[in-house]
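First chain A sits with chain B, and in the next complex the same chain sits with chain C.
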Partner chain A sequence: MAHAPAALVIIAYRDASDSIGYTRLWLATGSVDVARAAVATRIGVLGALSGCAVTGYSITWSTHLSDVPAPGPQLVSTAGIFIWQTATADAYAVTYIPGINATMLDATDPAGLAINTQKLEVINYIAVLRDGAFVNPFEYDITALENAFVQFEP
Partner chain B sequence: MPLVNRPAVVSFTLVDASGSRSQATANLIGGILLTDARTAAQALATAVEAASDCTVESYAITFPTVETQPVAPALNSRVEKKGRIQFRTSAGKVYTFTVPGIVNSVVLASGQIDEDLALITGITLALLASPWSDSNGATLDQVIGAYERFDSTSKGQLPSSRRAD
Partner chain C sequence: MKYLFPLNYGERCILVPIDAALVPLISGALNKFQSEYIWNTSVDYELGYYAFAELQANLVNNCLQDLVDSNNRLYRLLDTSLNGTAYSATPATSPPPAAPADPTRPTFTPALPVVPPAISPAVMPMFALRARFERVVNLLDNLATGQQFPAVPAFLSSDALQNNVGLREKLTEMQGVVNAGWFGIGGQEATLADVVTALRLGSAEDKTKVLTALDAIIGASSSATIFNTVRELFTESADLGLEGAQFVVLLVATMSQIVSNTFVGQQLDRIIRSLDGGGFIPPGDSVLEALRGDDQADAERNAASLLAELRELLKP
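Take a look at the complex of A and B:
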């Protein structure tokens, strides 16, 4: 595993024609708070330098895995779709596993479409998503699996 | 102008036997430390790879922040009109910093940007200080040039000949 030496900062702008532009910078820090503070103090200066409106920014840390195994036969277009309940009623989360292994599929009902939630690998995946760190895009905590099935995506 | 932090997003890149790549994403709780986010991402990468025939090559953890009430852009401002400030890094390479929609007041008739203006030194002095760097983590050591350039940015951009309504 190799962490990229610097975090990528992308600041987004919108102009009078509604076109979007970006500033890209890098930060040599491993702290989210330090990075956000560094960006926040620059936003005001950039706002004065540009006639465009700053609409937000993102800070990304990348990691490349080493010694990766060779892929199996399933293609990325065969995706496992997992729909999750969250701590808020009627609010759900969705996650994907591209190229889901054929042995993870339920052989009975409905055969080849449902994902077998009794498989150890699927149980482990569910446990990781429910461990408290993961949420849906509205930051509602993922609590339980609602449904899981296979979907073919071009 | 409130800047609001959104939940972090971890995005995995997977590759299959044909060389095709796909993404798998998940959201992480707000306020999570980078070390904890990496631990959670690594655990999820292991779980995803165990259930998939694809190989997880890499993952990226992004912490987005959005401006919920952005100010109106200046009349006739264009993101294609860029201010570019070039730095020499401690590794001897060149890093270019870009400001879309650069204001006219800092651009000289020659197209150069006046590096002595407070608006410019405010950004250059800040970038010359830690923790800013280039993509390899090398520090930015000196400003070597600054100028205006028209450039394309987005697929949705309007043609350059467009006049304001």
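Take a look at the complex of A and C:
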């Protein structure tokens, strides 16, 4: 596994026609908080040059596997959707696993649709998502799996 | 185009039957609602995100888990009421990862059976409706036919039903016989008419007794005879518990009054006879004859005038 040299910063600009444009910058490697602070203190300067409105930005660290295996047999579009409960009632989180392995599916009714939560791989995945590191887009901690099944278009 | 999250979300729900084979496609088509860029505001985005996540979760709940849960609750209610099955609920507080916790969905014990168990009412808890009904049926059966049943320990009233006489036999025993012979042998079963007749004064036997008593009273030579006759009639009636005893009491009171009047009349006869000899034609040898002789008293010949003349003669 090899890390990219820098974090990617994408700043979004929007005009009156709702068209979106982007600026791409790269940050020096650091913690998430350092990267956030770096962009937050500079976003005003960056946006001042544009006649469009800065609507937001993202910071991405990309990691690439150094020994990429051969492509798998499963189609990416056959995804597993996992809907999660969070620490707040009715505040859900949704995650996807593209190209969910057919062996992860439940053989009982409805056969081939539900994801088998008794499979070891699924159990491990659930445990990882619940271990406190992950949140929903609104920063509520993922606490439990509500449901999981197959869907197309991940 | 930006979407506004509907303000009336959550007010009502619509069941949409979806073929299970279409669920992956429909769920995938809903993915775009997880993107923040299609929503008008961040609030719309968050609400939309949650709403469509819940919708997607319900796609594989076999037509809504809430309905399934309510059906299960109904089953447990009926099972408890009819069979007395006691359920307990354990909140899911620390579930394994494969079965995540849902505080609104506790674990129920025992699990719902696919086929209701064949439980004999005899071993059901006392609050089971079937067991209660069985007990009531057994009580009626025991009372009506004398069929016996063993004790039911699960019941508060757990005594065995040991009555061995049917209702018809019991009623027959209560009915009794009339005109039985020696030692109660023979006779005929009493009817309601027999009972009514026995309780009424108008029965032939009581009528005869009363008439006999009246004849004895009329022909009695003394008040002692009358009292004895009435006392015997009264005692016999009271011992038999007859309704006619009340009549006899009235009869006694009336006869006593008659006797009393008779006694008073005899005393008056004696006084009158002493004064003037009695009768319409006064006989001799009476108080009046001793006072005035045979001559009739008048305005001048009377005791007061005689005393006045004596007073004049005796004056010095």
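What to note about this one:
In the analysis below, the second predicted complex is superposed on the first by the 141 of 154 C-alpha atoms of A that agree within 3 Å, B and C clash if a C-alpha of one lies under 4 Å from a C-alpha of the other, contacts with A are read in each partner's own complex, and residues count from 1 in each chain.
Going forward, a residue touches a chain if its C-beta (ideal position, glycine included) is under 8 Å from a C-beta of that chain, and two chains touch if they have at least 3 such contacts.
Because the structure is predicted, anything quoted here is derived from the model rather than measured.
When the two complexes are overlaid on chain A, chain B and chain C sit side by side with no clash. By the document's definition of touching, of the two partners only chain C reaches A:114; chain B does not. Judged by the touch definition given at the top, the superposed model places A:40 against chain B, while chain C stays out of reach. Looking at the shared chain after the overlay, A:49 reaches chain B, while chain C stays out of its contact range.
Of the two partner chains, chain C is the only one that A:152 touches; chain B does not reach it. In the superposition on chain A, A:79 makes contact with both chain B and chain C.
In the superposition on chain A, contact of A:130 is made with chain C only, not with chain B. Legend: residue contacts after superposition of the two complexes on their common chain; A:59 is shown touching chain B, with no touch to chain C.
Of the two partners chain B and chain C, it is B that touches the larger number of chain A residues.
In the superposition on chain A, contact is made by A:99 with chain B only, not with chain C. In the composite built from the two structures, the nearest CA pair linking chain B and chain C is 8 Å apart. Residues 77, 79, 93, 122, 124, 127, 136-138 of chain A lie in contact with chain B in one complex and with chain C in the other. Per the touch definition, chain C reaches chain A in the complex via residues 20, 23-25, 27-29, 31, 34, 36, 46, 49-50, 53-54, 56-62, 95-102. By the touch criterion given at the top, residues 77-79, 81, 83, 85, 90-94, 109-110, 113-114, 117-118, 122-124, 126-127, 130, 136-138, 143-147, 149-154 of chain A touch chain C in their complex.
Residues of chain B that touch chain A in their complex: 3, 5-7, 14-18, 20-30, 32-38, 40-45, 47-67, 70-80, 82-83, 95, 97-103, 106, 119-120, 122-123, 126-127, 130-137, 139, 153-154, 156-158, 162, 164. Within the complex formed with chain B, the chain A residues making contact are 1, 3-6, 8, 13-32, 34-36, 38-43, 45-65, 68-77, 79-80, 93, 95-102, 104, 119, 121-122, 124-125, 127-129, 131-139, 141.
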